[in-house]
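Letters A, B, C, D, E and F mark the chains in the order given here, with residues in each chain numbered from 1 onward.
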Amino acid sequence: MSQQNHSTPFLQFTPSYTGIATFMHTPHTQNLADADMAIVGIPFDSGNTSWRVGTRFGPRSIRKNSLQIWGYNRHLQIAPTRDLKTVDYGDIICDPTRIDKTCEIIRSTVAQLLETDCKLLFLGGDHSISFPLIQAHAEKHGRLAVIHFDSHTDTDGSDIDGLDHGTPFRHAFAKGLIEPDAHIQVGIRGPLFDPNEYTEAQALGIKILTIEECFELGTTEIIRAIRDCVGDHPTYVTLDIDSIDPAYAPGTGTPEVGGFTSFQMLQLVRGLKGLNIIGCDLVEVNPLYDHGAITSILAANLAFELLSVMGKGKGLSGGS
Amino acid sequence: MSQQNHSTPFLQFTPSYTGIATFMHTPHTQNLADADMAIVGIPFDSGNTSWRVGTRFGPRSIRKNSLQIWGYNRHLQIAPTRDLKTVDYGDIICDPTRIDKTCEIIRSTVAQLLETDCKLLFLGGDHSISFPLIQAHAEKHGRLAVIHFDSHTDTDGSDIDGLDHGTPFRHAFAKGLIEPDAHIQVGIRGPLFDPNEYTEAQALGIKILTIEECFELGTTEIIRAIRDCVGDHPTYVTLDIDSIDPAYAPGTGTPEVGGFTSFQMLQLVRGLKGLNIIGCDLVEVNPLYDHGAITSILAANLAFELLSVMGKGKGLSGGS
Amino acid sequence: MSQQNHSTPFLQFTPSYTGIATFMHTPHTQNLADADMAIVGIPFDSGNTSWRVGTRFGPRSIRKNSLQIWGYNRHLQIAPTRDLKTVDYGDIICDPTRIDKTCEIIRSTVAQLLETDCKLLFLGGDHSISFPLIQAHAEKHGRLAVIHFDSHTDTDGSDIDGLDHGTPFRHAFAKGLIEPDAHIQVGIRGPLFDPNEYTEAQALGIKILTIEECFELGTTEIIRAIRDCVGDHPTYVTLDIDSIDPAYAPGTGTPEVGGFTSFQMLQLVRGLKGLNIIGCDLVEVNPLYDHGAITSILAANLAFELLSVMGKGKGLSGGS
Amino acid sequence: MSQQNHSTPFLQFTPSYTGIATFMHTPHTQNLADADMAIVGIPFDSGNTSWRVGTRFGPRSIRKNSLQIWGYNRHLQIAPTRDLKTVDYGDIICDPTRIDKTCEIIRSTVAQLLETDCKLLFLGGDHSISFPLIQAHAEKHGRLAVIHFDSHTDTDGSDIDGLDHGTPFRHAFAKGLIEPDAHIQVGIRGPLFDPNEYTEAQALGIKILTIEECFELGTTEIIRAIRDCVGDHPTYVTLDIDSIDPAYAPGTGTPEVGGFTSFQMLQLVRGLKGLNIIGCDLVEVNPLYDHGAITSILAANLAFELLSVMGKGKGLSGGS
Amino acid sequence: MSQQNHSTPFLQFTPSYTGIATFMHTPHTQNLADADMAIVGIPFDSGNTSWRVGTRFGPRSIRKNSLQIWGYNRHLQIAPTRDLKTVDYGDIICDPTRIDKTCEIIRSTVAQLLETDCKLLFLGGDHSISFPLIQAHAEKHGRLAVIHFDSHTDTDGSDIDGLDHGTPFRHAFAKGLIEPDAHIQVGIRGPLFDPNEYTEAQALGIKILTIEECFELGTTEIIRAIRDCVGDHPTYVTLDIDSIDPAYAPGTGTPEVGGFTSFQMLQLVRGLKGLNIIGCDLVEVNPLYDHGAITSILAANLAFELLSVMGKGKGLSGGS
Amino acid sequence: MSQQNHSTPFLQFTPSYTGIATFMHTPHTQNLADADMAIVGIPFDSGNTSWRVGTRFGPRSIRKNSLQIWGYNRHLQIAPTRDLKTVDYGDIICDPTRIDKTCEIIRSTVAQLLETDCKLLFLGGDHSISFPLIQAHAEKHGRLAVIHFDSHTDTDGSDIDGLDHGTPFRHAFAKGLIEPDAHIQVGIRGPLFDPNEYTEAQALGIKILTIEECFELGTTEIIRAIRDCVGDHPTYVTLDIDSIDPAYAPGTGTPEVGGFTSFQMLQLVRGLKGLNIIGCDLVEVNPLYDHGAITSILAANLAFELLSVMGKGKGLSGGS
């Protein structure tokens, strides 16, 4: 794709509506041996047991809406797809009829990909995929710290209930994949099924910042709380797009009113720079409810910021 | 709901935008002991392994768009929700993460409902649900004849592959639930994965009328072919909305261009009167792609025609 | 509906896309004798003389989008549909061709419903319905205090002009239904037809907090001003969804830019706890302009908060 | 508007997306003294007591989508907006809260307009407006013949019921405005509220061609039947867009499946040439449900054909 | 992409929502040396001087909606992307600000591509691109026969007017690129700017089949007329999606009511088999007006049929 | 249009859905001799070389959505369309195929219009049009100060590159039309193509307030910075709607996340009162991506505020 830049006497760039849509025009390859970072789509949405299915279309839509991102991140002084070798892996094929088989495929495929030094940014799909993703990363890095932007704790039910998009972190704790007291949830809100939901999540070792606390703290203090929580652990970042208010991110599986603005979330992600981030996912983008694609555009920008933060951690900066 | 008709000095009827939305304002009950016919929703869409998920919203959308149907069927001289005791059962709760558990729940729930004399019209959901529905009906009636409106044969793969929305009839034949040579498929078309797909379906005992054959025959001759095929067997009708052209029915999981008009399909369904129909489903209505709800409106009207045909078979006619 | 919770071995809950859509799965009944609270829809939109009709579809859309609300309100420590007997009455049938007949039907039907001890939350419909609703409540409680969230004063014209969605409070004052100096309007803004509109509203005995004043005060101070204004009068709450910014609530009859965020409005409604609230309406939700249903989702959440506040006032709390 | 054609050295025409939107770029004036034909919008939709409101936006949407119509009608050899003095009157202001006042305003305004020789084409609005329109024309011309394209008879209820969009022709017959046996309804179909609806309409003096009869006859024979019915009476044409199938005309108040194609309706309208047409309306276009504006585009083309037919009747043809 | 088929133990195929979107999962390469056929996108839409811009998004949308096409064409007994080496070139970069520079880039790029033996199918973009495409093909093959499906003649204006989407064939005739009397236009209709438009087109050497003539002839006779017209000339096929009725193809720049059904157009394209087709384009697909993507789905299927027809001409058939 | 106000006995106003749509019901005329202010549409969108075309539909959509604006500006104590003679000029016809010819037409047409004393507010179209607009105003007033609300600097590339929607201000500086150090850009943000983009813009004499700086300063301080920058120079205001966050303004060509709220932008524009504003444009409104028209509604309100500010500068105030 990128070589098209050189074939035109007209334009300095490939217009966003032109060409095969990979993430930010990065090359498509499933060979990650030489890559620094890769985008991996996981179009699985049968984990959504509660409401709006359609996140299977998330990875393609985020790719399409990433093509207008010019590439240089002024805040972090890096151009993560130019300064580093960043590629688009494509998608992992999932089976929507059987979540357990799909999770095992995700886990084993990702484990294989992690045999290289390439860092991975996953595009969901619903939040159930974070469970096999954390499994695969914990196999390599041991117990993980988790930075978790969400409106829901996703620790519903009990350990013996089946996995779905409301339970991945309960299952991850049950399997000992997450370091207790190194998991922080940011933006939590909304009516609860069980009055004790937050207490139970805290009992697992999760620090919860409700949206009210977040709005009182402000982004600088939230960032401080995140950094205090995860320290220099190998850290996995999971960003559920429904942490952001439906005005800014209507295209999602279970919208929850009263959330972050886009600016706040951009600031929060930029605030993660320098942390020991070993992998990220961005989940629950549902293009079927996304007027004007504003959710996908925001998601693409957040993916760009996540790549910048992960890339910066490699010690390879651009523009500086 | 229907009692609201009597509470207004203004209007002779409950406007379609008013009140709790059951199918055609029929009473909602899960007790079918006294009922002649019932509508049962099955909001399951994880069987869609190929394209557009969202048929979980089908039953509610068809209900909502049934409310404008005035009730008397001039062609069949019956008002199926007034002349008979027709109720809205609500929906069977499905688990989108595990198709096998869901199918077993559907099969067992329906088997229980069939212990009454009530005839059932099912609203999908994707086409995978026809497998447990045919199971339950065959448990009661023995091997069934099947009248099958579709653009796809839905006999993909092999007997040992998992069930999904492209395979229910392969599985039904494998289990001996369908009478060979008493299954007719009407409207079949589109590019094929395997050149031998039709031959293989025919080998199972299916009579295929491709869309080209249908357009040459005309509705009268198609109806004759259907009646010849099923005779007086206990007959199950399965209507995949994608048998109709996407211009008339855009809201579906796997649209296939070059299909029936709405008028043709109405005529075909009306032509089933007098047959020994013991159950019906109407599947693959996906409201997420349904501009102006025209697919749901058409589906609601086809459901009304199916009720008329089933109701007429009970020997209880209205207006005559 | 709620009994479906117990019929599934899969899920702890009825998924929001499943079953007949009543408000938050509450039982549908028109017998309010035993009920603590009831939801009543009023699908009337011919009062919209100025712009976007379609609020007749508001009640059904709010119901549908309420089904994902889990039920326990952490802020107010109550589960208003579980801790109290809360039911869904369905809708009052309106005649769109004649506003006067419709208003009389609304007034008389509601007056009858108020003969029980049940408190009512009305879902509009356009704002004209607040006039007969206030009439019916004032018949029972005497002159009312009014907490009024809106971008418009809705006191246009003169007393002898006909009722429409821009005039209900002028008519209510003209009939002596509202206690002067106990009516507070919050969020008022936008270009005016008549430069003296605010002065004239103030002359009726209305306290106006413009949006500029609101943004300067902050939610805590706004709440204080509201409480100061209504004291312990029997208080009616009317929430026009256009008080919120169109980014958060695009689906409305006369969107007015520069309004509240969803978080601010949630906080404002929660701030009403402990007041003597005898009835509420939530109006002007228009699903025809509501991409991704974000307005209906917000409205459903605000209805949940209003029920929590009203329910708390009954002295019956959950979880505490 | 049309003078803009001369101000550009680029283009031979005013692009459809350019300029103030009057019908086909005709001049806007409310002085009809010199005009041969005028377009008059009637944005009233409170007569829709049954389903989808929003036809108040019909006239503006039809205007906007008429701007691409090039102007010369090859079939009738006339350019009705170039060969004749055709103007855009704008709209009659309606009161959505009170149908009776609105109807009287329509009747009296149109009666005044008919004091000139100008022929009028009305754009609705819902079908209730045909009652005052027929009143005004019958005041001038005496009892009218009526050519009526519709899926519904619009003769519901009884003479003493109020007017709404399902009853205008019952009221017109009750007032003696229509010549018995000179009213023909074309395209009638759909489920009925009352089994006797068609017999009752026929008893009023209406000839009904159901859609089944239409599809059997073909357009040539339908046209013959129409011409036989109305003869050389002064004839009013009323075209409800729901006579056409929802695939072609989804944007309407009460879509009825199984209707005409766009080509068939174009042929039917062209077939009216030479009849003594003294006025027309085109009603029930609802842009709120009109994906890609295909209904408004079709309506604009049908309006163009109606103008061609009316204009031809003036004896003033173009191109010949 | 296609190798993903082998990496899954679940599914026999790559689901359409999975992976990087090339046309029907064909490999993406700009090296056509070994290719039999290639898809080339031309996302240019500034040639649309009259109405709805947005066809720049056509190629990507057609690709995305081609992914569900299973691959084997039963009618022509070929799997054009499996039996032949068919690749996806990607897009030619265009400059929307300057049509002349863009056309020269198209012409020269395509001329270079045609130095191989690869046959090309172009996806537009608006119809202006047919001019440089015909230029490039005529440079290789000499004067071309043209099979042209459209509702408009696209021979507007005069030879010295600038190129736009209404004039490519006038310019092609003016440059002597088309063989007189070997250009046939099928489906022509709609109001005209100039009464003499058809006569003038005929004077250029174009045979016009109006839509009325088409509907009278039927597809078999239309195909005969096409074959008679082009004989065994090297033939270029240009298919403007607006030849099809807006009910079937709403997503286009200048919709024209009263056109072909999808079935008719499929039959017409299949009827081209055996002709000496040296190149094709499919233009004017505008995804911005394409509810449920039905136009893009139809376009993808027509592209598949065009590939089948072109591929069959290579003498390399599948399945037979 | 406005005279319709007097023709109704029902309503005090022309409902927004009624009548020919000019900006805020102002009279349509191309004679500006007597006018104080005029609205001029420029429906040109081929300057969009990067992403979403469709701003050609901006002027009409802003007009349509201006009709609900009541007219009196409480903040600035003026009713700009009642207190002054404000008219709607209609649109300038553009040629989408050739940007240079279009720009020359815009420049020369506007230069002619500026021979009167009428001040002009332009509605785009894409941002490329600001170049010829600034040319025409600089011809009259000499070097201009520029107040520029945007997310992008629009000074891409080099002086010899062609004009497009990313370069108008580079070209304006190159031609010496803008006073160095009197051009302020407010709201700038987003990933960059070239790391030095801001430095290069500053080198031209532009003061940049990034969105981060804006959010730290607050609206009062931003206004102070703007006033300090432009002083009493003749000042041109250009407002790119993408300066506002996509949640509030999704309908635009190149949405950039993390921007202003609608309230902030209203406050910023109101803060311009008293400056020497000699002309304004409001660009990049794209109705094709504008769910519920919220962008067009916001744009119409911002146009109303711009008229108020410009009108106030004439020394002719209303209401005071």
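Observations on the structure shown:
In this text, contacts are C-beta pairs under 8 Å (C-beta built on N, C-alpha and C of every residue); 3 or more make two chains touch, one makes a residue touch a chain.
Keep in mind that what you see is a predicted model, and the values were worked out from it rather than measured.
At the interface between chain C and chain F, under half of the residue numbers involved are used by both copies, so each side presents largely different positions.
A repeat of the A-B interface exists among C-F, E-F or B-D. It is E-F, with more than half of its contact pairs matching by residue number. The most distant chain from chain E is C, comparing centres defined as mean Cα coordinates. Distance between chain centres (mean CA atoms), chain C to chain E: 55 Å. Chain A and chain C have Cα centroids lying 37 Å from one another. For the pair chain D and chain F, the distance between C-alpha centroids works out to 40 Å. Of all residues in chain A, those touching 2 or more other chains are 10-11, 15, 17, 49, 56, 95, 98, 162, 245, 247-248, 291, listed in ascending order.
Those chain pairs judged to touch are A-B, A-C, A-E, A-F, B-C, B-D, B-E, C-D, C-F, D-E, D-F, E-F.
Of all the residues in chain C, the ones that touch chain D in their complex are 45-49, 53-54, 56, 95-100, 128, 162-164, 288.
Contact residues of chain E toward chain D in the complex are 49-51, 156-157, 161-162, 190-195, 198, 211, 215, 245-247, 250-251, 254-255, 257-259, 289-291.
On the side of chain A, the complex with chain E involves touching residues 1, 3-4, 7-11, 14-15, 17-22, 28, 30, 41, 43, 56-57, 60, 63-64, 88, 90-91, 93-95, 98, 101-102, 105. Of all residues in chain F, only 10-13, 15-17, 68-74, 77, 79, 245, 247-248, 261-263, 266, 291-294, 297-298, 301, 304, 318-319 touch chain C in the complex they form.
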